[in-house]
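Chain nomenclature is as follows: A, B, C and D, assigned in order of appearance, with residue numbering initiated at 1 for each chain independently.
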Amino acid sequence: MSSTHTPTEMMTIAAARALRNEDICFVGIGAPSAACNLARLTHAPDITLIYESGTIATKPNVLPLSIGDGELCDTALCTVSVPEMFRYWLQGGRITVGFLGGAQIDRFANLNTTVVGDYAKPKVRLPGGGGAPEIATNCGEIFIIMALGQRSFVEKLPFITSMGHGPTGRERRAMGLTSRGPTKLITDLCVFEPDAETKEMTVVSLHTGATREQVVANCGWAPRFAVDVVETPAPTALELETLRSMHARTKAAHAGA
Amino acid sequence: MSSTHTPTEMMTIAAARALRNEDICFVGIGAPSAACNLARLTHAPDITLIYESGTIATKPNVLPLSIGDGELCDTALCTVSVPEMFRYWLQGGRITVGFLGGAQIDRFANLNTTVVGDYAKPKVRLPGGGGAPEIATNCGEIFIIMALGQRSFVEKLPFITSMGHGPTGRERRAMGLTSRGPTKLITDLCVFEPDAETKEMTVVSLHTGATREQVVANCGWAPRFAVDVVETPAPTALELETLRSMHARTKAAHAGA
Amino acid sequence: MARILTLSEAVEETIRDGDSVAMEGFTHLIPFAAAHETIRQGRKDLSLIRMTPDLIYDQMIGMGCARKLTFSWGGNPGVGSAHRIRDAVENAWPRPLELEEHSHAAMANAYEAGAANLPFAVFRGYIGVDLPRVNPSIRSVVCPYTGEKLATVPALRPDATVIHAPRADRAGNVLIEGIVGVQKEAVLAARRTLVTVEEIVDDLGAPSVNSVVLPSWTVGAIAVVPGGAHPAYAHGYYKRDNSFYIAWDKVSRERETFLAWMKENVLDKRPEAFAVHGRRASR
Amino acid sequence: MARILTLSEAVEETIRDGDSVAMEGFTHLIPFAAAHETIRQGRKDLSLIRMTPDLIYDQMIGMGCARKLTFSWGGNPGVGSAHRIRDAVENAWPRPLELEEHSHAAMANAYEAGAANLPFAVFRGYIGVDLPRVNPSIRSVVCPYTGEKLATVPALRPDATVIHAPRADRAGNVLIEGIVGVQKEAVLAARRTLVTVEEIVDDLGAPSVNSVVLPSWTVGAIAVVPGGAHPAYAHGYYKRDNSFYIAWDKVSRERETFLAWMKENVLDKRPEAFAVHGRRASR
């Protein structure tokens, strides 16, 4: 196993570290799923992972390709219907952390996964919101995992699919929401957290080897940096090994018919 | 076994006959339960019996004392939660016949099971509506089973717990209800059906040996009789035998701890 | 995470004077042992909530625990009146009892809305009846698409919900099976919860991946009380004691016989007294 | 009462040109065989409804069956885009496709309201987002108790719902197990229904009294199609064919490869072709 790690590995590992053993986590597919299961296999063995397919407290051995692979149901404490999942569990206020990804994000961590261009005549039609609009407001807090890039970190979203801190950062409070919204945005180069006052997502930690210049060059708005930006601790051998073997098991499982 | 039968037996048997093999029947406890299961054990073997406890297509061997005896669950096709029962099954419009009893009834088959006297200072506090208010309007039609009596068949109800044809017989149509409301009222002396025009419950059939005078004497309003009042066919040997052996099994079962 | 406590500790932690308390179980799995412990601990001014306040609340109301009852059907199922509830309503004995009365559909929907963290429930009900005249909490909304007027009731959000269940595992996950009633909704709607169980097992043994399970982190306290649903029943464990329900009619009809029965069978007893009823049926 | 028919008869009876049709199955138990038969029968002008229009609707939309799509997430799960749906939306190929777009919560609640025979669903959603701007069916009601404004959507009441299930018994009662999704609600909300099953058995073998069962009288037609959910999976029968989903990305990217694949694997095939996927796992 290589002792160096890729930016994507660092992103997943940094995201995993944000989770706590006592969290009840609503898991999106893809990068969030890898991060959540890495947390479960390292420092948070008792974390409760919930997928929108209805599987509660699932402990997959390989990463699911979809949010409803059989592996999720087979290893769950129980599986409920999808209406129940959205009514009793998500809207019920029982989820401490919702984990989201997206196609585009703005400085207040609003997300777009609907369209690029005009809604009626889209340039690119993206998959749509799925669970995200209600995950964003009904979970205690939101972690977002997305690789930096000029096309994905944009000054202005063409469409708000799920609300972060709102178009001006002041909307959540104005609407009387009690959930905290996006508290962490984990990228392949750095970690953002919302400014306590303005709610603008602010770089608080740079991954080993990443520079401010790289972050600026890959962000569609001029990103703010916290007064004390720290260095993200490098992956431990255990983290890297656990992540890679999880991906290896997954690849082998998905290749078979 | 005695070849004569009691008025209560005749009532139960007449009620059972009103049910069809293809009915989906929401069963109240007591006399309705006896009638529904008698129908199932005689001419309607495929009737679907549903109890508000959530048991669907139950086939009890002994009559339940409550609407949720274990016997109902053990012999059911499946058992759903009570919210689901009232949402998907009753309100869902899937029930063809609701079977009700009551403490008091008026000429338009409105029922009272709430209070006698003033609601705030009741003379007699009855158990309340339970499922009846929504059974009365969400089932395709309603059969009511009640023994005649001056105190139970009253000119004016102190409280309408569940609507029959409304205080004047015209309310269902005015409210735009599509369900038919009470189409049969089976008593220990006769069977009433609503007049096609006025919806007043009208005697259409007298049980063997019962007289118009007895009906009038035991009814708190002046009951109307149909132009052609027929005689209710006497119980067959099979009906009587099936009913009595069901009651005997039930009595033995309920006596044990 | 659920904590496994003695019933006495669990009731002390879960139920406080003045609380709104839902003890649910629809004929099946009624938490009688927990109710008896609540009576023994002398809880008072409770606002009791239950769709079918049968013997369990007849006992609590007769012993003066409650100032209010929210319900939809109050009687001795298949037998007759709940005499102690009637005595409280008709004669204010042993103290006055305020009523908030609903239909089953309304209560079931109100628990469902509570579990779903909604402020109210919408349903097609209360048509042409008198209850909305005497219960101001029954209101309506108009469908924004069809213009139909539908009934509403406020969501139920009890301070404490108490239920009985067949079993829990050591992590505190709870299985409910058979007639499941509104118990799951009543637990998810509540601030604090207590689940009494027939037994604690290593493996929950849920028969299906879709079984009704309350994860440990949705439950407050768990207490092991074999037989704790008697005279109600526990599917797979013991049957409903129908003869007890029939006999209760006579016990509860007069205040004196009721008080004597409560002294002998509740006040002078301990939760362990229920164990005699807790026979495990073969699986 | 459900009638047991061939898939060809069942599709002919259940789905008509111009119908609103929900084919549900949340990753699990997706009725692919029924969709292929619908394509073969040349149904058109359908208003397709599905929370996650993945490969099944990519195929139907690419073949021109639909004029409208009501959905909440349209893609190839874990792989990428639904290329045929995108081509229809972005380029009107093979014909224009009207979209009615919702969130998962909205769709799930709308099916639930349909099953409950309510005209609309209420939930706490669509807060601070743009979808209500472009979808006029998203409205609101005000809570009559708290004054809170809550989102509403119209109930979903499809003309026809199609699902796949593990098994039915000879009386036509259907068992669903595993990830049950919105299938029960979608069936109860529909006017006509078709259930394809892996097998018909003498005894339904429901693992619990609380299993998800659709009684025979809630189901229209049943057709036995072993393997009928492939490349999705059937819990207890066969696994999800993840490699198929990955390979679909390449098949569906271009119109020509897509049409060639559909001719070879759908138009020139019969329902029996699915049987090769229908391995029964040991229970």
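Keep this in mind: contacts are C-beta pairs under 8 Å (C-beta built on N, C-alpha and C of every residue); 3 or more make two chains touch, one makes a residue touch a chain.
Remember, predicted model here, so these are calculated numbers, not experimental data.
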item: Distance-maximising chain from chain A - centres being C-alpha averages; value: B
item: Chain pair with the higher count of C-beta pairs in contact (A-C, B-C); value: B-C
item: Rounded Å distance, chain A centre to chain D centre (Cα mean); value: 28
item: Geometric centre distance via CA averages, chain B-chain A, whole Å; value: 57
item: Centroid distance [mean C-alpha coordinates] between chain C and chain A, Å; value: 41
item: Residues within chain A bordering two or more other chains; value: 73, 79-80, 87, 91
item: Where chain D touches two or more other chains at once, by residue number; value: 112, 116-118, 123-124, 178, 180, 185, 206, 209-212, 235
item: Chain-to-chain touches, reported pairwise for every pair that qualifies; value: A-C, A-D, B-C, B-D, C-D
item: Residues of chain D that touch chain C when the two form their complex; value: 116-120, 122-124, 137, 139-146, 148, 150, 152, 154, 177-178, 180, 206-212, 235
item: Contacting residues of chain D [partner chain B, same complex]; value: 112, 115-118, 173, 185, 188, 206, 209-213, 215, 217-218
item: List of chain A residues in touch with chain C within their complex; value: 22, 24, 48, 56-57, 73-74, 76-80, 87-88, 91-94
item: Touch list for chain C against partner chain B, complex; value: 26-28, 51-52, 71-75, 77-79, 81-82, 85-86, 89-90, 101, 103-105, 108-109, 111-112, 123-131, 134, 178-182, 184-185, 212, 233, 235, 239-246
item: Of chain B, residues touching chain C in the complex; value: 29-30, 52-55, 64-70, 72-73, 79-83, 85-87, 90-91, 114, 119-120, 122-125, 127-134, 137-138, 159-163, 166, 171-172, 175, 177, 253-257
